[in-house]
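Multiple structures follow.
One chain, chain A, links the two complexes that follow: it is found with chain B in the first and with chain C in the second.
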Partner chain A sequence: MSGETATGGGSTETLDRARSLLGRYRVPVGLVLVVVLLRPVISNPLLLGYEAVAATILIWMVFVAAFNLLFGYAGLLSFGHAMFLGFGMYAAAIGVSGRAGAPQLPFPVAAAIGIAVAATVGYLLGRLTVEKGEIYFAFLTLAVAQAVEFTANRNPLNLTGGSNGVTQNVLPGFVESTRGQLVVVFGGLEVDWYWFVSAVFLVSMLALWQIVRSPFGRSLVAIRENGDLARAMGIDTTRYKVQAFTISAAFSALAGSVLMVDRYGASQETLSVITSGDTVLMAVLGGVRYFFGPIAGVFVWQFAEEFLNEFEVLHLGFTSVDLSGVLTHWQFFLGALFVVLVVVAPLEGIWGYLRDWVRDLYVRLKGVAE
Partner chain B sequence: MNTTELTREDLATVSPAWWAAALVAVVLLAVTFAVEPGLFIDQAIGGLVYGMVLVLVTLGLSLILGLMGIVNFAHGAFFMLGAYLSYSVVVTLGLPFWAALILAPLAVGVVGVVLEITVLRYLYGSDPIVSLLATFGLTMMIEEVIRAYWGTAPLEISRPSVLTRGTDLGVTTVPTYRLFLVGVAVLTIVAVYLLISRTDFGLTVRAGVQDGEMTEFVGVNLPVRFTAMFFLGAALAGFAGVLYSAETGMRTTMGETFVILAFVVVVVGGIGSLFGSVVSGILIGVSAYLTPVVLSALAEVTNQPWLALQIRDLVPYLVMILILLYRPRGLFGEEGFLE
Partner chain C sequence: MSDTADTATETTDDVEPTDAGREADTMPSPDPAVDPTTAALATDGLRRTFGEVTAVDRVSLGVERGELRAIIGPNGAGKTTLFNTIMGTLPPTDGRVFLDGQDVTERDEHERPHLGLARSFQSNELFEEQTVLENVRVVVQTSRRGAFSFDLFRDHRSVGRERALELLDTVGLDAPPSTLAKNLSHGDQRRLGIAMALATEPEVLLLDEPTSGMSPGATTATANLIEEIRDELGLTVVLIEHDMDVVLSISDRISVLNRGSLIATGPPEEIQANDAVQDAYLGGMREEL
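After this line comes the complex of A and B, so read on.
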């Protein structure tokens, strides 16, 4: 009897240690779970039934998480984040294709240039705007993004391809496209595109997680909660905000360069206000106060979009009017859901509700067990 | 190009840099007029039309922003809704254009009131970011309705024959409709200004903005007044939409373009100043249309063809960046408002 209790105590100790480790590293574990589960879940015939969109979803998660570093943590709402995605996308596309006399560059170099450009623009724009007040900031970033889109549309030096974007010879050497599926070739090793994107996803998200839980990230939260108090405690708020903007821009451009390969080129629609708006919507839908909020938001949004597109394609043989009506209602009701969410609790999002719900359930189950 | 602000500044305090900029601008405009007088007048009036539409949109935006602290992203959607409703009034109902000019803004105003009562009323006093997000969602809904009901293809209406003729201005002939638009817009702006500054209604609203609690103590029904102001702002946007789309047609992207431009105008003019919005709206409209002409004239004079850049859509943002660098609170802005 007593021996059993002793072993029981030992195993509880191990269990406790395992639990505390799990608690401490729940974000990395969760990220790995996202990568492992995403593809099987969405390729389930009951849901989407095809898996090509999984890689795109992962890239969007990186982008929206980078956006949320700025909005959720530093409290700066950028309404023009599409431009940073676009910098990465266009730099990678132009560099790899070597169009219009641009030097032909390996993909990593081109992507690095895009990231550097985005970080520089983020830094300069940040210097100009972060202390302007949040509404000013939102519209200034939006206006600058508009200007960037117009510039790309004008096709300067024949580099950006105007409204057609850059779509010729954009696949880097190590990526091959077979039957519409992307395959990454390292030497003799062939890796599915999804796993390459997963690696980028894990590295970027872990980097963002480290940033968020570092003293730097904590200072951002302090600035968001009370800028005056943070300044009184010796935090250089302007510098921290500018740095957050720069980092966010750089990660967005990274996502953009990978998205370029995923989408077979850079498109002008990526630079539009609609992309920036979608970014905000996804982050808020998921819950901006949580690290996993953007992940949840992107999943719900992209999944709904793809699911309904697929739905339309499946039923194209019948009346198409009805189906476009369904699609319309979906967008309309998503807007309505968003409005309700914002009015009721703007910062919680789906992830916040999910958390509360799970916690309630846990407490109730525990109560029943006792 | 940014010299209009000299009008209210004490001229003695204006720095030499501004004088130099003003001088350069005047010289450039004079050169352009000498090289291409017809095109110059054409584009100046085109810019004035564009600027007037911008002012009308901005007026509603800054009324709602200044009085209620609501950053109304849906303002562009109101503008677009007005344009599309005028299509329905003229084409579907078969009524004359004049009817659309009155009915469409009224309908947009009613939509605005409904949204104010159902959604925005709960956001007074909350973080402006929240109102921005909520109205962004509303924008999505309105645009969806427009796409569903009117479709995504560009639409057009025909204007009454009185307005389709041209008016001879000596060096060039200008479409009469443009002059009509400018005239109507000026009348509207003056009427709004008088309403806010000279009537009891405007007085109580301004009092409510300064101290809502006290104003209600002395017996003013503030919620009704704020709803009325929202009606006015939305109707102004709808009115601008009707005026603008009668010339250019209706497109599903016009809403987002104009709400961003309207905010650019607010930033350049200075938040909290209706006068600033009017000046900066006209300034931005005219400079957007004249800059390409000036550049092409310059290219002709200096024989440097690369100078003739077509940057009309870019000019508002360039003006805004210049203003932010050299005068962050805007031309006539009060310091500290929403900062």
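After this line comes the complex of A and C, so read on.
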């Protein structure tokens, strides 16, 4: 009898420990689930039916999460984040291709240069702008990003390729393209491009998560919540904001360098204000207050773009409706969803709703069970 | 550390006599205790103008170590502006601020809590969307790590949690630590503000109307808390307060501010009897007192 009780207690304890471990590591577990599930889910015939965009989606998730470290956590809205993505993209493309007399570099070196440039620009721009107030910060980042795009368009020293971008000889040595599929070759080992991107995704997202949960990250949140109070309590708000900007820029450039390979080169469109705007919209759509917000936002955005573009005929069993004409305007529908979200709860986003919905469901089920 | 303190004292010594002389020539000092080198907190000819308006007019204040000083004055007398100028939230137009004999006038606002000067706000300034615990914990963290720290590799919950809970207990905040700050009652929000100020581990604490909007019972509890902070934690407390019962019962000395100027400083009984104070501030309340 007593033995049974002891065993029972033990298993509850194990269960509790498992639950608390899961609670503590739910973000890493969630990130692994994203990586494992994303490709099979979107290549399901009911959804996209092909998997090519899966890697692209992961890269965008890293980029928007890096953006959201600045926006969602430090409270600084950058309207020029495309430039940081662009620094990574162009540095990788120029370095790997060795065009116009530039030294040909291994991909990691070229990417590191892009990250260093982005971090430096982020740091200097941060020093100039973070204390100027929200509107000025948004406009100044926008203005500098426009200047960067303009410069790339002018094709200085024939490095950036003007409006054509950099698309020749841009694949790193360890990446091969066979039948339109990218394959990473390490020694004799061949790995899907998707798994390489997954590794970058996991490392970057875990790093961002650690930053968010660190004392450093909590200082950012305090600054976002009430900058005046934070300063009065001894927090050097300016330095924290500048460093958040620098870190955000560096991770954005990292995403950019990988995106360069994924997209077979650096394109000038990536630098445009539209990219910067989309970044903001994806973050808000997903929910800027949550670490998984950008992940949800990017998924819905990119998926909607592909899905609605491809969608043509709706089969309802008894009849079929041709929707291709309407759904190519996918941005209209996404925009409508966006407006609804912002009006109802601007900070919650899709992820916030999902969380609440799951919580309500759980509470209700528990009530029924009892 | 002692080196910097010495240098600072020396600098003060160089400047102080001339300043004090000028003050003495132009107006009789309403605060007899002003001696920037020995006071816990002192201001010397502190002035702050907004365009044509002089909100704080040549205020020279000297608060002894361990003193509980109340600052009273009619609405618009410049009490909160005085606090803002002392804390560095507003740069003074003129004059100096001394903390423990050290001239801190040029120090940034965020440096002052690390030098031992902290404040609570008149309005409930909080990190509203954060839990009660996190509101205090992030300040404890800042106090331990400094104004800026690249503390990236730890879990924030491992820094300052116990101290934060202790401080919540000190101020008598009974709400669960996981409550969001915005969901606290008004009185509890004021208590949280005091806990956050204490989390900076100050030597001098400025409290801006800590009992405003509180019920009589809560007001008494807060008055007791303030005395406790002074007596048991050994802090110097400067208090802006409208509740005269609180002021008269707990202050060691009272300074009266009128139209930006300090018109009197003294023990409660003296202030009650002071004619200038009666005219400027207490007015019809003379009988009541």
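What we mean here is this: the second predicted complex is superposed on the first by the 347 of 370 C-alpha atoms of A that agree within 3 Å, B and C clash if a C-alpha of one lies under 4 Å from a C-alpha of the other, contacts with A are read in each partner's own complex, and residues count from 1 in each chain.
Operating definition for what follows: contacts are C-beta pairs under 8 Å (C-beta built on N, C-alpha and C of every residue); 3 or more make two chains touch, one makes a residue touch a chain.
Everything numeric in this text was worked out from a predicted model, so none of it was measured.
Q: Assess the superposed three-chain arrangement around chain A: do chain B and chain C clash, or do they fit?
A: After superposition on chain A, chain B vs chain C: fit, no clash.
Q: Applying the document's definition of touch, where does A:217 land relative to chain B and chain C: first, second, both, or neither?
A: Second partner only, chain C.
Q: One more residue to check, A:332. First (chain B), second (chain C), both or neither?
A: In the superposition, A:332 touches chain B alone.
Q: Going by the contact rule set out at the top, does A:138 touch chain B (first), chain C (second), both, or neither?
A: So A:138 only meets chain B here.
Q: Of the two partner chains, chain B (first) and chain C (second), which one does A:16 touch, if any: first, second, both, or neither?
A: Neither partner.
Q: For A:228, using the defined touch cut-off, is the partner it touches chain B, chain C, both, or neither? Pick first, second, both or neither.
A: second
Q: Quick one: name whichever of chain B and chain C touches more residues of chain A.
A: B
Q: Who does A:277 touch here: chain B (first), chain C (second), both, or neither?
A: first
Q: Looking at the overlay, what does A:237 touch: chain B (first), chain C (second), both, or neither?
A: After superposing on A, A:237 lies in contact with chain C but is clear of chain B.
Q: How far apart, in Å, are the nearest Cα atoms of chain B and chain C after the overlay?
A: 12
Q: In the superposed arrangement, what residues of chain A touch both chain B and chain C?
A: In the superposed arrangement, which is not itself an observed complex, chain A uses no residue for both chain B and chain C.
Q: Which residues of chain B touch chain A once you look at their complex with the stated criterion?
A: 71, 119, 122-123, 127-130, 132-134, 136-141, 144-145, 147-148, 256, 260, 263-264, 267, 310-311, 313-314, 316-318, 320-321, 324-325, 328, 338-339
Q: In their complex, what parts of chain A are in touch with chain C?
A: 210-211, 213-219, 221-222, 225-226, 228-237, 239-240, 243
Q: Residue numbers of chain A touching chain B in their complex, please.
A: Result: residues 77, 128-129, 132-136, 138-140, 142-144, 146-147, 150-151, 154, 273-274, 277, 280-281, 284, 325, 328, 331-332, 334-336, 338-339, 342-343, 346 of chain A touch chain B.
Q: For chain C, which residues count as touching chain A in their complex?
A: 87, 89, 108-114, 118-119, 121, 125-130, 134, 137-139, 141-143, 145, 147-156, 159, 196-197, 199-200
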